[in-house]
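Each of the next two complexes has chain A plus one other chain: chain B in the first, chain C in the second.
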Partner chain A sequence: MTLTSSVLLAAAVTAGVPVALFGYLWTVEKALTPLPERTRRRLRPWAWLAPALVLVGVFLLYPMLNTLVLSLRNSGSTGWAGLSNFRYLLDDATVHAALRNSLLWVVLLTGGCLLVGLAIALLADRVRYEVAVKSIVVLPTAVSFVAGAVIWGFMFNYQPAGFPQTGTLNAIWTELSRQPPVAWLVDNSTNNAALILVGVWMTTGFATVIISAALKMVPAELVESARIDGASGWQTLRYVLLPQLRPTLTVVATLLAISAFKAFDVVYVMTNGNYNTDVIANLLYQQLFINQDYGRASAVAVLLTVVISPILVLNIRTLRREWRA
Partner chain B sequence: MSRIGWKPTATAGILASAMLLAACSSSGSPAVQPAPSASGGLVAAAEAAARTAADGQHPGGTIHILGELTGAQLTAYLGTLKPFTAATGIQVQYESTANLFAVLQTDVAGGSPPDIVSDPSAGQIVQLADEGKVVPIDSWLNMGQVNTDFPSGLVSLASVKGHLYGLFYNTSVQNLVWYDPQTYTGPNPPTSWAQLESWAATQAAAGHTPWCIGMASGSASGWPGAAWIEQFVLRQSGVNVYDQWWEGKLPWSSPQVKAAFQAFGAVATNAKTVFGGPTSVLTTSFSTSPNGLFTKPAQCSLTVQADWLGDTEAQTVPGVKPVTDIDFFTFPAVTPADAGIIETSGELVAALRDTPQTQDYMRYLATPQFADMVAQTGQWLAANRTVAPSSYSAALEQQADKVYENAASVRYSAQASMPLAMETAFFSAVLDYVKDPGSLDSILAGMDRTQATAYANF
Partner chain C sequence: MAVLSDPAGISGGPGGKGGKGGAGRPGGAGGAARRSRVRGTRRAGRPPRLRRMPVHLTLVLVCLCWLVPILGLLVSSLRTPFDITSSGWWHALLPPWRFTLDNYTQVLTTGGLGRAFVNSLIITIPAVTVMTAIGSVAAYTFARMRFAGRGTVFIVIIALLVVPAQMALAPLLRLYNDVHLAGTFAGIWLVHVGFALPFAIYLLRNFMAGLPEEIFEAAAIDGASAPQVFLRVALPVSAPALASFAIFQFLWVWNDLLLALIFLGGDPSVAPLTVTVSNLVNANTGQGWQLLTAAAFVSMAFPLLIFLTLQRYFVRGLLAGAVK
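== the complex of A and B ==
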């Protein structure tokens, strides 16, 4: 497609979608007019919602149900396979390892981003150059995960002991500890943490921005009166600020946990799951595109959905409570 | 996903040179050779060949090629097709993807395959041919000519049940042993692997690590080690065992495959024989590890890589000139019987639709004139053996071409012939083995389990 036709198409879609929607609503209203008022009131919300519901059905509901069906079929989707794909999830050691690592991601990525994000939001709140600090922390979120992984590849660089360490981490480590350099991504005691560190670096900015915004919403009088009553800085944080921030922290935590479960790019680019660093999302990719086992890949997808759903429910509940309050 | 023994992409080259520039304080930027442009005679000959391929017709239309070339390599490849377009009016539309396997699989499953695919994993084409998704091309071509012009190992690889399903346009000679003539003191060329190994052992005993090996390559990490191992399977046990192995008929736990892992392990898991020991083998990029030949003092004397290494080093390491500072000999004979067997990689071109355009295209690809166009790009060796070594402008390419033309037997890279699931598991197995050589038996047992399922559609 040439550039001109691409631009024309983009313009047509930008203008055309609202026009089509208004056209649809106008038609619906025309169709509803002859009906009695009560029926009209009952039908109108559904008629107005219909386009969105159709889109959700086609692009969300249908694929989900289809995945569920595929997970009960064999590798080439040519026949039923019963529960054998789920038995694979139960029995296979590589699945267990991936699950363990994904849980580690959930705990460390969520905890790390929350702690660092909260600390930065609180500390930056007290200085005049807050904008500058937050910009620096947010900057990595603009870097793609793949690019971030490549950059961190240099940070984790390993040179044999006795040679100049070109990797930042090993340069600092060997200088401070006088110990031999560490192969961060290969050594089993460090590699998962190293990968998660990249994730934390890339996601903390997101947590910081939201927590910081919530912090600004805490009424100044509250903090002030706590201070007047003689609360120390720590007590103010513990008994005033944190309770006020709790709903925000819960929502941020659930979003972080979900992104931790979906972690793929960093692992794929840096280790591809080797050296016991595999995670569920990478396993899904492996089963789908490398092994072409649609059954197992779908079963992994179902597992991922099942694991994430409770977190989603928690998230929605917290948001609802927020609205009611 | 993985590009086996293949020339590093432009990005990898840039990263490598950036690292070098950061690491070396010496002045002078790496000399990047301009791509030579095809002379008028070559182009005219190629146009004539394309006209013959199209039987004098001018069908016009478009062909849609799916492949993974980008940057200079893509420009070079499209350049070799210009005479074809000029002569036949057939426009070439090249769709480049970094995830060829998945994209092709999805396109085929969705019923909208490209006209042509250019695939560095020949195993995928063979698999698709078995499923009837690729069009047989032998009836389009003069097979007598094809059999004379291309190595039989590559023709039989692309043949399923007596029909030919693809042609290679480029080739790369794998597992050449590279050294710096200024510093290398060992046998040249060695008469046998044993001779080279004993020289390496004396070096190791004197405290000089003879070898540099780097296996890091992003999500395809491990392939350089896999290339070593398949070389040992090929040379220790011969072409029949090699073929059975990648076809999934010989277990990984067999003595032949195990011996190949161990022969590689003798070099790669011993801190005295490989620079930095096994940890460096795992953490060093395949593209930067050969630079150890040129450090002062040199970190190593030898490194194994495909034919592109010499010119790449000359372009990225300041002061390194082809032949005078970097040169190669072929992997020495491991047994007396295996001299002259070489392993290659390359892109297999196959047709997924039977149209006049794809027929003309495949016929054009089979012509020696097209091969001459490929040769003059300076990017690859042409797979067609009719190209004279003098068609290559670079000295090291000429040498590699001589190796290719004179090879007694040519085998395609085993890792790229296997189903992708097997290949990926192979890479992981190599990494696991180098990390923990003691667990070889359990690693190979795991590979047997993968082998049991990976060939389901093969």
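== the complex of A and C ==
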């Protein structure tokens, strides 16, 4: 398709779908008019929900259930494969490595963002330029992980000893330590931590704004009375602020853990899973798109969902409580 | 569970705007001001200004950690290929200044970034418009109509919101290969719309459920039909929530890599910026930093513009989008 026809199609969809949608609602209303009020009230909601339900059914509900079936079938999905795809998950060393790295992501990304985010929220709360600090920290959440990976690929840049170190980190490292430069993304003792650091840099702003918003909700009287009773700054934090923030910190931790387990972009762009940095989401992409193995890809997807299912159940409960409220 | 139950006051209806003081507007929270005054009265040996130096220093360090990587990329994108490989970017901050825009002209013309930019627009604008339109109708239905099965359907939607999208990829790709939707804009629009609808319904329903009943009754008494009430009353008063959702989703779709890789592939005639830039990374053997840095900035231009102009809506969307 040419560029012009693509642009025209995009413009037609952008303008046409909302108009068509309203036309649909109007037609429904005309068709319902002769019916008694009770029947109208019963039919209208389903007619209004139909477009959304059809799309959600076709693009989410059906595929999600179908993945369970595909995970029991062979690579081209032409016949049943029993549990062989799950045996692959159990036996294959690359799967184990990816799972190990993903767990490392969960622990370090969650812990890192939570700690740094909490620290920034608490410190920024005490200064007048709080808004500026939070804006700067939240800035990376607006750009893509691909851009973040390029930004940090440049920070981690490595040149052999003797060449000018153009990567910021190696320039600082060689200057301060007088040691040879480090290949951060290749060296196995640093590369996973380096990738997770990019994740922390990208995601801390999100933790910061949520924790900061919760901090503003803590009743001032609580902090005030702790002060009057002679509590130190640390004691106030430990016995007053943290207990108050706990529900928020729990929610943020679950969200961070889920996103850490789904981490894909940074690994794909920076190392593509090489040098022992593979993660579950990249493994899924490799099996699905590169190997075109629907069976194994589905099994990996099931694994990913099963591992985070305790958190998912927790989140569904929270959201459901809100629906009832 | 204050966060999920009322993300930045957005779900509490328009009334939530006043007192809540979402992130980015700390001035709205009186508690913060009162707290700092209490802290200020604390007696300490050193003068208050000195005592607070560690706080200021830590925060300055934090800001540097977040700004220096971006600054390094920006400065490098304005340097010549020779300068980039022969000295660190910080050298360019000292005279003689030798900045150039050549890298940008090169990536936009021969590098294919110009086409990728247009492709990103072609992917993002229709997808976000359609998901906002269809999502707002469904959200309104859940919020303002009573019908049997409403609770059950909504729970299913919530469940689909939290289950990772990865669960849906394999069957969809299989379907797409069969019906030749893989590698087409229509295909990626549909995937983005389908995946975003549960979030749209969840977010907008919460907002619309908090709207006062009277405005709808008044319209109904005036003889407006159900579609008219939705179009003339519900949509205009929901504008803040619609804006937050649309802005958040715009950046989400614009920044997406995984779905574009799987459902569009690497074909330059359809590939968005994220895919094109990540291909440039893979092709970069150490000599292409001048193109890569410029390309990354082109891909960031739109998100940064939106962030700088509509930050408040974006942060609200971010808080509400936490569930994704």
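Definition applied: the second predicted complex is superposed on the first by the 255 of 325 C-alpha atoms of A that agree within 3 Å, B and C clash if a C-alpha of one lies under 4 Å from a C-alpha of the other, contacts with A are read in each partner's own complex, and residues count from 1 in each chain.
Throughout what follows, a residue touches a chain if its C-beta (ideal position, glycine included) is under 8 Å from a C-beta of that chain, and two chains touch if they have at least 3 such contacts.
Since this is a predicted model, take the numbers as computed values, not measurements.
Engineer: Using the touch definition from the top, say if A:98 reaches chain B (first), chain C (second), both or neither.
Structural biologist: Neither partner.
Engineer: Looking at the overlay, does A:291 come into contact with chain B only (first), chain C only (second), both, or neither?
Structural biologist: Only chain B; A:291 stays clear of chain C.
Engineer: Quick check on the superposed pair: does A:255 touch chain B, chain C, both, or neither? Answer first, second, both or neither.
Structural biologist: The second partner, chain C, only.
Engineer: In the superposed arrangement, does A:185 touch chain B (first), chain C (second), both or neither?
Structural biologist: A:185 sits against chain B, while chain C stays out of touch.
Engineer: Based on the superposed arrangement, let me know which partner A:263 touches: chain B (first), chain C (second), both, or neither?
Structural biologist: A:263: touches no partner chain.
Engineer: Name the contact category of A:160: first (chain B only), second (chain C only), both, or neither.
Structural biologist: The first partner, chain B, only.
Engineer: Between chain B and chain C, whom does A:168 touch in the aligned arrangement: first, second, both, or neither?
Structural biologist: Only chain C; A:168 stays clear of chain B.
Engineer: Taking the superposition as given, does A:279 touch the first partner, chain B, the second, chain C, both, or neither?
Structural biologist: Neither partner.
Engineer: Is chain A touched at more residues by chain B or by chain C?
Structural biologist: C
Engineer: Considering only touches as defined above, state whether A:305 meets chain B (first), chain C (second), both or neither.
Structural biologist: The answer is second: A:305 touches chain C but not chain B.
Engineer: Where on chain A do chain B and chain C both make contact?
Structural biologist: Residues common to the chain A contacts of chain C and of chain B are 150, 157, 166, 268-270, 272, 289, listed in rising order.
Engineer: Which residues of chain A touch chain B in their complex?
Structural biologist: 75-76, 150, 157-160, 163, 166, 183, 185-186, 268-275, 286, 289-292
Engineer: In the complex, go through chain B and note every residue touching chain A.
Structural biologist: Against chain A, chain B makes touches at 1, 15, 19, 22-23, 99, 101-102, 105, 218-222, 275-277, 279-280, 282-284, 420-421, 424, 427-428, 431-432, 435, 453-454, 456-457.
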